[in-house]
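What follows is a group of structures, each given as structure tokens.
Below are two complexes that have chain A in common, paired first with chain B and then with chain C.
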Partner chain A sequence: MDNDKVKSRREFLQSGVRLSLALALGGIGGLAVSRLTGDDYVWQIDPFKCTQCGRCATECVMSPSAVKCIHAYDLCGYCDLCGGYFKPGYNALSTAGENQLCPTAAIERKFIEEPYFEYVINEELCIGCAKCVKGCTSFGNGSLHLQIVHSLCVNCNECSIARVCPSEAISRVKASQAYRIKGGFTQESAG
Partner chain B sequence: MKKRICILLAFAFLIVASSVTAQMQRFPKPEFESGYEQPDPVTPEPRALALEYFDVAVLLAALSLASWLALKKRSRQGMLWLSVFTLLYFGFYRNGCICSVGSIQNMTLTFADAGYTISLTALLFFLLPLIFTLFFGRTFCAGACPLGAIQDLVIIKPISLPSWLRTTLGLVPYLYLALAVLYAATGTDFIICRYDPFVGIFRMDAPFLMTVLGIAFLLMGMFVARPYCRFFCPYGVLLNWMSHFSKWHLSITPSHCIQCKLCTTSCPFDAIDYPTGEKTTALSRDSAKRFLVYALLIPVWMAAGGFVGSRAHTWLSKAHPDVYLAELLITRPEVKNDPDNIDVQTFLSSGKTMPQLVESAQAIRQKFYTGSWLAGGFIGLVIGVTLLNQVVFRRRSDYRPNRGNCYSCARCVDYCPVDR
Partner chain C sequence: MEKRRTLNNVVVISAGIVGLLFLLWWLWADPTRDLAVSLPGADNRGGGGASGEEVKIGSLFQAFSGTHAALTETWPRFRGADFDNISKSPVSLKDQFGSEGPQVLWSVELGEGHSGAAIYKGLVYLLDYDEAERADYLRCFSLLDGKELWRRGYQVSIKRNHGMSRTIPAVTDEYILTIGPRCHVMCVDRATGDFRWGIDVEKEYQSEVPLWYTGQCPLIDGNLAVIATGGNALMIGVDLATGQKVWETPNPNGWKMSHSSVIPYTFGGRKMYVYCAVGGIVGIAADGPDAGKVLWESAAWNRSVIAPSPVCMPDGKIFLTAGYGAGSMMIQLKAAGDTFAVEVLKEYAPRDGLACEQQTPLYWQGHLFGILPKDGGTMRNQLVCYHPSDVTRVVWSSGPNKRFGLGPFFMADNKIFLLNDDGTLYILRPSVKGYEELDHAQVVPDGQDAWAPLAIADGYLVLRDAKTMVCINLRK
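Coming up: the complex of A and B.
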């Protein structure tokens, strides 16, 4: 008899706490639902904030990094003397390795017509070190810039590059607009 | 008239837009005569949203199956295969991201940062296991958590830890939870994700130290079963609360306990509570006084915890990059001349002024001050309640799984000789 009383009291307490826990969960869930987005988030680099520090190459959880150089051809001047392709102290305007700025020779230079050259990034080789981006931004139009390539990015809950980015250029963006390619994406639209 | 204005506006917009691009372009794009066609930049799409929802469906299915296996089917074999599947799907296929353990931080950030809105996937990954646990016990840990699964599969020769050690180490998850919430709320870091020891194994790629940590955890896990789950997992704290008051729970015996003690060696996690003997019952009169003292001590513990937390807030806030940078520039202004210090150089060339940086650092530190008080108070509360629990006497007549700590892995079920 006494034992039953203890038992029923314990059960009553248990179900009371259970109900309050359920209400708490519901409350938290409800509050979060009011702040819900239908879209998912991915990480992306704002090319106008990027200062080409080189950390994208070393800080990504993937090796090689999921950050690659993207060429916004719309902005390219197709220069013969490309600031993104040639080392400052180059010997000649040729594709010889010692002239190239890219440490992995990931930029392919192709003659189109006098005096224009096309530059294509080989993403298999690109490590996202931003050396070419720096060159292109300093001496050219800035058509070469870094982007997180979403076929490689594992979309960590918190991007390990974003954590150490000195210019806070990496942020969460809507998955429906997953890229910030220069040209379509302007400094104004960055807000 | 309206049309004209529209056209004029459109023209004005075009002129502005073209002037912007013209500004950017030092070398205008050439007009090719050879018929060259410009390629498009390659931009592979991110993982489709539908697939993210599929992950939620898989989680839901795994939770349902785990609960059914633990409570109805009572099958260790089934649970084992389910955990293998979970490890393969959420672990190696989904690379351990997104996971429920880390979703605590997404939830925190949702409430702390007005600029962040949570995705449905993250919200459901946070809520679903908790709801299931409230009804069926921690079946999530047994069957649907990839971190649990990888540890569960390496258990070879589990040793039993003494109770005092388990209780003491059991405080670590609370501390971890408090710190994780504090760091997520201040927008500093997601420490749960960053120090997840197994995600590197799932990705087969991690910094050297994290790989070492992951392997160390697995090696330790051969003997101290599920070390991360028991002594670190911050989500386990929430699951523990839910499971304590769950509607149903795995039971060792299908009908009634015959006190054969066969199950006592079955649990690798020391999560089986033994029946209370007559001797301990006699002690209980003395403990009424101790109960009162310990209960009254709880506010003291909380105040002490809050005080210690607030003392530590300066130190804790150093993890935030702005605070760190501001402090570095104030204490060692000579770093401004160091060309290799990327953070300092980027700050100097960013156009932000020192007072701005200091102001933002102070605002963050203020947040840390409040947060550390709360976190410290929470830890104090936990210590107080843990102590109180040591003197609370609960009569048990049978061998029963400890509701809070039991992962519902169903190992003990196989050991019970009683038929239905």
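Coming up: the complex of A and C.
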């Protein structure tokens, strides 16, 4: 009887490995659950405070900047003369480079039907300079606005753009609500 | 020794080959090969131009039951009887709204737009687009109760584009003249609404409908309807009674119609029509044997979008301003006998001085009053006062806590009435010394884009936001 209770060395090692595996799996599961349920903080821009100073393009540790222009289509007027697309004093309302405000031609303009045009941001080309945002805010509905794109942002402990932002438009927000998109954000703020 | 020489040759030849390959690579490589050239046409835009739609101007009419109380005063057109946006009415108006708030007499839902009202002896005339009927209507309301009496119009396809209608009728005792969103001019009998005549400007003059539709308010000058057409003619004078063209000003420069309106002006002994086209500014003889002829013109003021009208001052200075980054210009008109010359006194960006995006500045007591545009620097959207001698040095501004969007404003009973974008009406004491607010109140609930110029007669103020027109009793 006593001999039955004595574990062999093999059995002891097997039990130890099983226990280790169980603990490891439990730990991973716990970590996963905590990641899913926890709410970290990330940096984001309040588009209503942003003054389009241009520092998002030059101060971000990423190159090009992790700040990109976002288009709130539900706010857009789909204008032929888009203040975010065309330079003041443009030669013609055409897609010729000399008429475009964006230094990297990151805004694609598509004719929908008279008199509407759609404007789409090419994120890969956008450098976050906010020239288009300034134009749209000054002369249009303000549908173009800047956001920190979290697939690009390295979430520095101290955001290098936030340090110099003159309007203090950048702050930490909950990761579960990582974006402040105009339209939805407007409704949320109003609510 | 021989071996070393061979090695040297191999090294030299190898280095030469590598150098040659590098040179070839350098010549071949194009660092811009990944760049795409931005060329016109990438947006696949349509052809534009005239739509081809056959519009039967004046073909629709509806009469409604109701009457109106005949009153005495008028606000017969854009900027009032004297084109200065200052009411000369003796009626005393409220300084403050009081504890009960503004007395709103009535409100009417409209098609989305920014067209303002004209008032004529107890009747309100407004151009409005009816989306359900797809028709442009001149609507006649009773000033005191807002009841609609009749509407005259025509079917035309208009899509929302930051609003639809945006012009103010011109009214005389006999006639009403309108321009619709797509440049359809309509003349009707004021009392009955009977159709007199119409002109499809886009079709007849191959004009280009301005961006966001027509903003030019039509002008009646005596028996003449004056319209700046652009296209095949720069401006036309039309006999009000018959619709016959009296004169057409040639347009050899191909200047286009802007949102600016034609302003009558007398200077150097000549009456003229001053107009800011897209292309330049022009003064056209308004009377005499050379009526319709260009007296002077200048391409110095050439902006792509111009909404404010020229502010013509008694000493020949003309203040010009526009939005969308255009800034402003002060020109000096000089007369020498029958000839006129234009000198540019100052030209500057919107952040450097008085500039306006939409509303025409007001000239009062030798000073200019306006609301700066959103790109007007730190004073953006503020009410500002400047002296014409230096329109880059502000006399006063309303301050950072008083910003007014694109708000329309005018003067009556020694007060400025100013409407904010959101439908808040401000009463101000006009002064060349500083900003003085008497009162303010929300007069259009949840107002949006309240950009239409205001109209007042007999103490009743008619204003609107994008969708609602209201009448407020301002009588003391």
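Rule of thumb we're sticking to: the second predicted complex is superposed on the first by the 149 of 191 C-alpha atoms of A that agree within 3 Å, B and C clash if a C-alpha of one lies under 4 Å from a C-alpha of the other, contacts with A are read in each partner's own complex, and residues count from 1 in each chain.
Just so we're on the same page, a contact is a pair of C-beta atoms (placed from the backbone, for glycine too) under 8 Å apart; a residue touches a chain by one contact, two chains touch by 3 or more.
Everything numeric in this text was worked out from a predicted model, so none of it was measured.
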* To do: Check whether A:A22 is in contact with chain B, with chain C, with both or with neither, and answer first, second, both or neither.
  => first
* Once the shared chain is lined up, is A:Q52 touching chain B (first), chain C (second), both, or neither of them? -> neither
* Based on the superposed arrangement, let me know which partner A:V33 touches: chain B (first), chain C (second), both, or neither? => first
* To do: Give the label of whichever partner, chain B or chain C, reaches more residues of chain A.
  => B
* May I ask you to decide whether A:F111 touches chain B, chain C, both, or neither, giving the answer as first, second, both or neither? => second
* Asked: Touching A:S65 in the superposition: chain B (first), chain C (second), both, neither?
  -> neither
* In the superposed arrangement, does A:C153 touch chain B (first), chain C (second), both or neither? -> first
* What is the contact status of A:A178 with respect to chain B (first) and chain C (second): first, second, both, or neither? -> first
* To do: Based on the superposed arrangement, let me know which partner A:C79 touches: chain B (first), chain C (second), both, or neither?
  => both
* Structure fact -> Footprint intersection on chain A (chain B / chain C) at 77, 79, 113, 116
* **Interface residues, chain A side, partner chain B - complex** => 6, 14-15, 17-18, 21-22, 25, 28-29, 31-33, 35-42, 51, 53-55, 61-63, 70-79, 112-113, 116, 118, 120, 123, 140-142, 147, 149-151, 153-158, 160, 163-164, 166-167, 172, 175, 178-179, 181-183, 186-188
* **List of chain B residues in touch with chain A within their complex** => 20-21, 24-30, 32-34, 36, 38-47, 49, 52, 95, 97-98, 102-103, 105-107, 110-111, 116-121, 123, 127, 130-131, 134, 189-190, 193-194, 203, 205-206, 241-242, 244-247, 321, 342-343, 345-347, 349-350, 395
* Note which residues of chain C are touching chain A in the complex, please. => 36-46, 48, 51, 159, 161-162, 211-212, 304-305, 323-326, 357, 373-375
* Asked: Quick one: in the complex, what on chain A touches chain C?
  -> 77, 79-81, 83, 88-90, 92, 94-97, 100, 105, 108-111, 113-117, 134, 137-139
